[in-house]
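Below are two complexes that have subunit A in common, paired first with subunit B and then with subunit C.
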Partner chain A sequence: MKDGFRQRMAWLHTWAGLVAGWLLFAMFVTGTLAVFRPEINQWMRPDQAVTRVSEGEAIDAADRYLRQHAADAARWFIRLPNPRDGVLEMYWATRDGEWHDALLDPGTLRPSVQRATLGGEFFYRFHFELQMPYPWGRWLASFAAMVMLVVLVSGIVTHRRFFKDFFTFRPRKAAQRAWLDAHNALGVLALPFHLVITLSGVITLMALTMPAALDARYGADSDAFYRERGGEPPVLPRSGVDRPLPSLRPLAEAARRHWPDSAIGTIVVGAPGDANARVTVLQADNAQLRIRGAAVVFDGATGRLLDVMNAPRAAALTHDVLYGLHTARFAGGGLRWLYFLCGVLGSLMIASGLVLWAIKRRQRETKASRPTFGTRLVEVLNVAAVAGLPLAIAAFFWSNRLLPVGLADRAQVEVWCFFGAWALSGVHAACARPRTVWLVQLRLGAAAFALLPLLSALTTRQNLFQAIMRGQGVEAGFELAALAFAAMLAWSAHKLRPARAPTAIATRIEPAPRTLREEAP
Partner chain B sequence: MSAPATPLLYRASVLSRVLAAAVGGYAVARGFAVCAAWWLPQSRSEAVLTATLLAFVVYATTAIWVFSVRRAWQAWVGVVLACLVLAGLAALGASR
Partner chain C sequence: MIQLAVLFSSYAAFTALCLGMDGHHREVFGRAPAPGRKRLLRGAGWALLLASLLLAIAIGAQGVVAWAVMLTLSTVLLVLLLAYWPRRVAPLGWLGLACAGLALVASVWS
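Presenting the complex of A and B:
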């Protein structure tokens, strides 16, 4: 370890950032896409036609459906349609703990989707489960996020002069300088976002990763904890005594009087049809910063109001607000785009850090004719992570349009296309000539995203031009974002094109700029 | 990092620090969570939440501290001492 506190912090920043960087990049990119989960769902289900119904009609529809199909379930979970997503979503657990779901058109009670796809759900799930079995993906994602936190703090210590650094950008200086400046600027520009999103991300999984305090105070009785902290819909075990469940709509209307200005988000029914039934009506999650809003609990046998949960205490409120800041469900259109933009900045910060590591290492090794195995490995993984992931995402969207609608396991095949493209990118990065892999993959990615609107126009009944003309914000927004993403990839390819001669990497002698004073690294 | 004089020893010391930060840091964070859950002057559920939320800050701080000291053994001494003190305080809190 080097002498000096800042040198050691720089070492930590460099190595921890490298080791976790590839995974963190994937988590940042997919998490950023998850901001627009319902919108991606909508684009990936172009044949979905959903009847717009009132809140009360949707509740009646769910009530009717669940009584018919899940009368003896342990729990019902009804997510009502909202302006971003018009589908009526229902989940229920049988008494054996098996979960079922139904995504229905609330007007017809028929399945809303002809085209089986995970849609934006895939990115949302991947960004914290990493396509691994429970709970390993969540553990790995949490650990990566902890490393991110360490890397951020050690990065701040390393770049102590970061406000000065922020106004230093020397794009025409040596490659290493330019990358370092870009990395610093990207890091500092959205630093509060990076810190909050990372810490709050760790906190969303804390029940899994840090149960020690709860275990110490409550032992095996974690239900007691959730009861005391409040906000959690109560679910009691079945008593065995049958009692008819009252109609849900009047209960929901009674609950709504507690928040006249916002909608109902979800209704949870525990032990329906039993004497121990509980009906909890929850406020929509876009109505407040914290992850859960007000909730009203009714006795599901008598319809009597039991509890109004709307005032979490300090620590619970802190937790709920941190959670809410991470998921950004409170955010309106403009703020959602800001989240998206900050997520893009964070992804670019990680990518530029990875590239910077490889460039620095390469420079040190210019004398050696061949790079060492470690450097080569980093370079391959950099390409596979940074250029390969956009290709995988593009493959996911392309497969959504190209796979036959009636294909068996269609949603899963889309996921295979995602990982297949990603694996191919890795193989290509490892086998092709190192000088051209970046160029080839980034350009391919740019082409894939640039052609997405055309592909969509050819395979569905919608097209970008029409979407803009008719003011279909989601379809137009998605495809314009794809075009912008294509431009960004093409620009990156342009920036990363191989230098003509190795000497071009070395510092060129340039006159000192007049406005910005050069600092020794 | 510049080329180390004794690669194997150097690598061992880096590995030792990584373990001290990842595993030792988690142990300290866990110890802190239990300890704070017993000692914080809040109601039971609030103390549990405060302790758990702060435990991640403790984890990150410990991990950074492990890499900030001069020698790897110093990091281990610090981590083990912190664990012992926190475990003692937690036991005391539990038996209150």
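Presenting the complex of A and C:
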């Protein structure tokens, strides 16, 4: 009975892992990059001019700009500059529901960038929307995350031997053994991270995927739920009676007294200039684990304090903390790098699982001269997913430096370059000789990342050497990380190089030892 | 500084726990540990792990999150060390313990 259970879990782990693996790999990699979203933004906008101003000055600047350009909007969102991102970001919705945005230098109120790019925003969005229209991408991402939970739990059962041989990794053993060790080690050692990140990932989209309770209680009026739950800035419909909006800075300073030790993150103004105006001042999201900090609501006609939202109830708090753990906005520099590292481990765990599937299958088929269609398909998709994605990311960064600044739809063309490179990698994987595709694509990826600092030095006014000498941490960190990533890809290519016999992977396979057969599903 | 104490003490803890296992002790020292030594290593490992958790709790909520992720970092370092440089495991474990102590003293001092 016990064996039967483990076999079934192994079957589940193998197949669920395979089916969702390619997508999960892309989600893990882009999510890992999204940890450094503002930093990637900064690298991708090398001509960005930002004046550092105080919080009060930034609020005044936004206040001035919006009164001038969006006086009769339905609502304003003001995202204040912070130490990681000095840009003043504003969105506003007109009364017909049309959205506008402005990325400005808070000192001069001029656009902060000439080079249109989505920057790190692209990875952040792709991570949970998969470049699909709403809500399909979010649905698919949620589904993949749920499968990931299943794969993790069934994987714990399948690979439970690792808990007995904790710390075991034997890279010099036969390929399958080494891959299995690596897969186990990557999975188990970072298991706390994998479990928390996957569960919290499912939680972030739970209102979309598990709406039954909300529907039953609140029906069509989902806003009522968010009002009751608290933390959402209130926006009332316009009354039609004009009342001048008081200056925002004194309101922000009054709100700030509720959290003297941290900054203001966002200011939301509903119905500005109307008798029903509401001004909500929200605490910065890096001040606490939970995604939402404190918020203070003012009457936007009289300036009277209406509400202080700072004590979510247990269920809301649990949700907000899980959400916060997922996005890691609370994390300082060191912890952010640790998150990044764990994300890399998770990506490698998925990649090694996919490769392991193909190795095992190939091994079983060695007697037949040609692989079956299914095995071949998996191999092609493995290459396209695991080696192709780094190529696509490299193409995205290269296009950022190579496309002319004035190009129409420039930000979108960068995205096309990303998907174009990815598609080419798939075509190459399907058409080229199997023994060399891994090698070619990994080496190409290594070269693309290794040359990125050089490309950047040739096309912009900054270079890696200068960045290091001047202590520009973001620029230097980005390009050093690119070099490290190039080294990792080159090392993987080196490990996978074909020795003398027909296929890259099959050559290094020796007969499986007994213990392994017991473990194989 | 206290963050470093958490990292180093968790690293030292895992080194002790790892060497408290017959197989890994054999890889590093060429023989299985005597029963007393094994008990000592395991006890020290769990005690250090508990100590690193207490230090993390002293930092606050962020500290506990960082602790969980540092456990992963420590074990990954240890696994690579065991695979490629098994002779360095024991000395670096002692070094980790010493650094944890120094970091703790430095953080109390300042």
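Quick notes on this structure:
Assume the second predicted complex is superposed on the first by the 495 of 521 C-alpha atoms of A that agree within 3 Å, B and C clash if a C-alpha of one lies under 4 Å from a C-alpha of the other, contacts with A are read in each partner's own complex, and residues count from 1 in each chain.
By definition in this document, a residue touches a chain if its C-beta (ideal position, glycine included) is under 8 Å from a C-beta of that chain, and two chains touch if they have at least 3 such contacts.
Since we're looking at a predicted model, the values are computed, not measured.
Contacts of A:190 after superposition on the shared chain: subunit C is touched, whereas subunit B is not.
When the two structures are aligned on the shared chain, A:171 is found in touch with subunit C, with no touch to subunit B. Once chain A of one complex is fitted onto chain A of the other, the partner contacts of A:319 are limited to subunit B, with no touch recorded for subunit C. Legend: residue contacts after superposition of the two complexes on their common chain; A:206 is shown touching subunit B, with no touch to subunit C.
Touched residues of subunit A were counted for both subunit B and subunit C, and B has more of them. On the subunit A side of its complex with subunit C, the touching residues are 165-171, 185, 189-190, 192-193, 196, 288-289, 325, 330-332, 334-335, 338-339, 341-342, 345. Remark: subunit B residues 1-2, 13-14, 17, 21-22, 29-30, 33-34, 36-38, 42-53, 55-57, 59-60, 63-64, 67-68, 70, 72, 90, 94 touch subunit A in the complex. Here subunit A touches subunit B in the complex through residues 1-3, 5, 8-9, 11-12, 143, 146, 149-150, 153-154, 199, 202-203, 206, 210, 212-214, 216-218, 225, 228-229, 313-316, 318-319, 322, going by the rule given at the top.
Contact residues of subunit C toward subunit A in the complex are 3, 14, 17-18, 21, 23-24, 61-62, 65-66, 68-73, 75-76, 78-80, 82-84.
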